[in-house]
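The next part holds the structures, each set out as structure tokens.
First chain A sits with chain B, and in the next complex the same chain sits with chain C.
Entry: the complex of A and B
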């Protein structure tokens, strides 16, 4: 009886959560530049218009370069941190980890202005895709650590000790025993870092400089033009499908990783 | 000899392993944040900093009523978003933890996190489309004859910012509460009822206090980033929904006044940190002895 009340509330909540995403494809296929009901007719011309937009294609290219680099860098940093916290005990561990995880709660605009000031006024470097990669790696790393911690935590330490006893070195043990066991966690963490970078706007806007706009920077610039709205809807539809796909794959690997190491699934990504 | 001992020790290995990530964080976050602090005491020049100490940035930030008004509005809106998000999230977390069978919990959590991972910009923009003058709500209501004139109070004000942010931060509120609820030993609840407490009293006296660590975490994890959100107030806020991030962006990006932008950032961070610490202090009895 009580469970049913909760279930109705939970379903209403999901409707609220999904309302914007459900509207996206409806208007992406609607044959009108004005976004309102009633719908006018079916069209695929907004999707066709996407492929003609050279600045969009350039922005997609930039975003892919950034997102791939970030997924590799952030996951590498994540592996080091997750391995260190789950395997070793040392003084000030909590404090150092707190600093590394700080971007989770620090508003992105603070990170954006801090990096902009440091890059332009202290280091004197010019802004380009590389500076965006550095900024995105900073905010993606805490997420990779959260995922990789779960993967490393479920490792059985006796496997590692057995490898040492059988004469493996530290490095070969890591490569032969630990890496294969946490591989699903690594894939999952790379996909999450990729998704975060692909989606991030404010740091990219501050650090990309002229001529290296990423996809969100491009999208934001298009919001000013009402006639471009349906095209953005079409683009959004593609992006949503893409990120749902990426997340499903990431979730599959995350669960497989935990199951492989014999752990118990404790839930989502955060 | 001594050096080798440190390198081979448990702590030494730990530090070595953590060092790449820690050094990256220090170089690209801690150092730049200290730089912002230093900038905030320097004299502004367009797009560059004149290295001369001054307190004038802070006297402006603290004295000019525009900054005070924006800061106050950011805090009030963030508080409203936090209250709305956490209060609506608690029943969801409770439902998943207590009423969903264990093998389906992951699926529910996955469903809740998916919208969070899909393009933030486009999600915010869609709220503009939903709430706008010719938007989904207005055109749908007009079509079924509920209203004659489009409602204008939906978009470009504080309401729309609160709705949009509450939507964006929902999973951040649900997950910490869910984790805290999952940790509760179910036999405590049975014990409460065996001792004659009603279901509601058991909830108030056992479940809620034990879940408070999660509630505290979700309040902070929603409140702190919301105060500094830029995209949502810019896209759906209109002039009456602007927040502190907008003035930071204006100072840095449009006016090229780095010291002033830094002073605003530092002041905002200082206020938020103090509020967070007060909040933690007030809730200290729920956090004690929990790991």
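Entry: the complex of A and C
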């Protein structure tokens, strides 16, 4: 039958993508510290151990602080940049935008080394969560600009002029017309920046000083101790569930935004 | 003094005065020293090809563009430094600019946000505005679910609810299909008479401008080439360029032999020696080479058995092309002694045959229909 080869390919591809993730919940509930088959028995003790692990909870706390800050900062910068490129003309616009978007293709390790040198050797700043936030904002901003550019570009300029013409100020026009219409883009942008920051390892490893490890940095450090691995599996299970939830919420808002503005759905993340 | 409601007898008070209005972007002149007056209550059109500056001028009046030079007065008040949100003008945009996240009544009532009236008063004004544009009962609908014609009406209601001194319309009908456009043309005209507000329409469609306007300013290259009533503009264009832009005009080479105080003597290729009145020279006349123009409907093909015309003169030629339109037939006729064929349109009448290509024909023409271009 025609197309059979493609079907096998597609199934193999999906298995390759998701089978390792399926292993997470399996071993998170397995009553053994060794990650191998056959399974020994059902337990929830790893989840209990997770909630007792204060250093792990601290790392989660750090990651959330960083990710929320980055999503707000990167999206704010993204709004400024997207607004500037879609509405105004200024000298060297292409060059400036190119430089802003460059971290998108620059290897993270280079950014990490450069920032480390700049912070510790040149500026003499001590490493802490704040330096991680700056590093993550740098790499997340190109993504937010890309998303917000699309949102601002699809906005008809006459809409602003119409509101202004009807007596509103520049600021109230932004609040009443522009913001509601680009809101889905802003939410998408914040979610993307949040996700990028949450799972970023290299920059966080370089720029988080002693006692300010983020979750990925902490997890990687724990793999040295075999008895800790099932706890990481339990943590991974929770993170997968949260990711699915987050994506669903994001998609819900994106579709609602499009329906509200009467646009045509051109496909999103899901 | 009370103002008459009839536009014909209303005193022609100026509502907009342009004094040497200039707009340039770097080296590019969009508007070159435009001076003119727009009267209270008239339907005024800015007509011209794209890039002629008509939209720039409209946007300058609205306050979206600042003047580079000159002065703009609305109702006697200098608008220099007055931003768009403080001007007594409202605009209907080419894209309609309906706020897609709001309902129809939220759109229409948007300009009332800063109005001190009560909620009930505002709702009544919105309902009144919707009724005026024929959208009664559409208030609760989502704006993005409307058809093109309905959006157009919402945009009109939204702009008119503030009772502006001047309503600015930027190619408002260009996105509609032909039927809808024709319907909106007559509705807009009626609406303008009803509300008595000055309308300024920007359009590149000469037919639309002729149908709707009290006066039309034809613009080329940032300047007003002619400002006149639709009839004068059609019958007495001041230049070949204006004549070519408005409808169809035939041109024949001519030599001006003598310019008198009231009469001008010409020698026209294919038509011979003739004289016209000074009124037929809207762009002026001086001796030397020139051209004369005439509209396709001012010449008549003579059929066998037609009575010999008494007032008109007769030329001869050959039919080179026939285009049948149903109510009309357009002929191309090569007059004897002329290089290029001219266009003649004839109303189709029962019992009269349509001429065929290649047939010889006689053409009746009247010197009074000619216009001289220098």
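Assume the second predicted complex is superposed on the first by the 242 of 270 C-alpha atoms of A that agree within 3 Å, B and C clash if a C-alpha of one lies under 4 Å from a C-alpha of the other, contacts with A are read in each partner's own complex, and residues count from 1 in each chain.
The rule is simple: contacts are C-beta pairs under 8 Å (C-beta built on N, C-alpha and C of every residue); 3 or more make two chains touch, one makes a residue touch a chain.
Everything numeric here is computed off the predicted structure, so don't read it as measured data.
Touch criterion not met for A:186: it reaches neither chain B nor chain C. Using the contact criterion defined above for the overlaid structures, shared-chain residue A:163 touches chain C, although it does not reach chain B. Of the two partner chains, neither chain B nor chain C is touched by A:147.
In the superposed pair of complexes, A:213 makes contact with neither chain B nor chain C. Contacts of A:115 after superposition on the shared chain: chain B is touched, whereas chain C is not. Once the two structures are superposed, chain B and chain C can be ranked by residues of chain A touched, with B on top.
Per the touch definition, chain A reaches chain B in the complex via residues 3, 6-7, 9-10, 13-14, 16-21, 23-24, 27, 34-38, 76-78, 80-81, 83-85, 87-91, 93, 96, 99-100, 102-111, 113-118, 120-122, 134-135, 137-138, 141, 145, 195, 199, 201-202, 206, 216, 219-220, 223, 229, 232, 235-236, 239-240, 243-244, 247, 251, 255, 265-270. Chain C makes touch with chain A in their complex at residues 62-64, 83-86, 89-91, 93-97, 99-101, 110-111, 113-114, 142-145, 158-159, 162. Residue ranges on chain A touching chain C, taken from their complex, read 156, 158-159, 161-169, 177, 180-181, 260-263. Those residues of chain B lying in contact with chain A across their complex are 10-15, 17-22, 24-26, 28-33, 35-36, 39, 47-49, 88, 91-92, 94-96, 99, 105-106, 108-115, 117-123, 125-127, 129-130, 132, 134-136, 138-140, 143, 167, 170-172, 175, 178-179, 182, 220-221, 224-225, 227-231, 235, 245, 248-249, 252-253, 258, 261-262, 265, 269.
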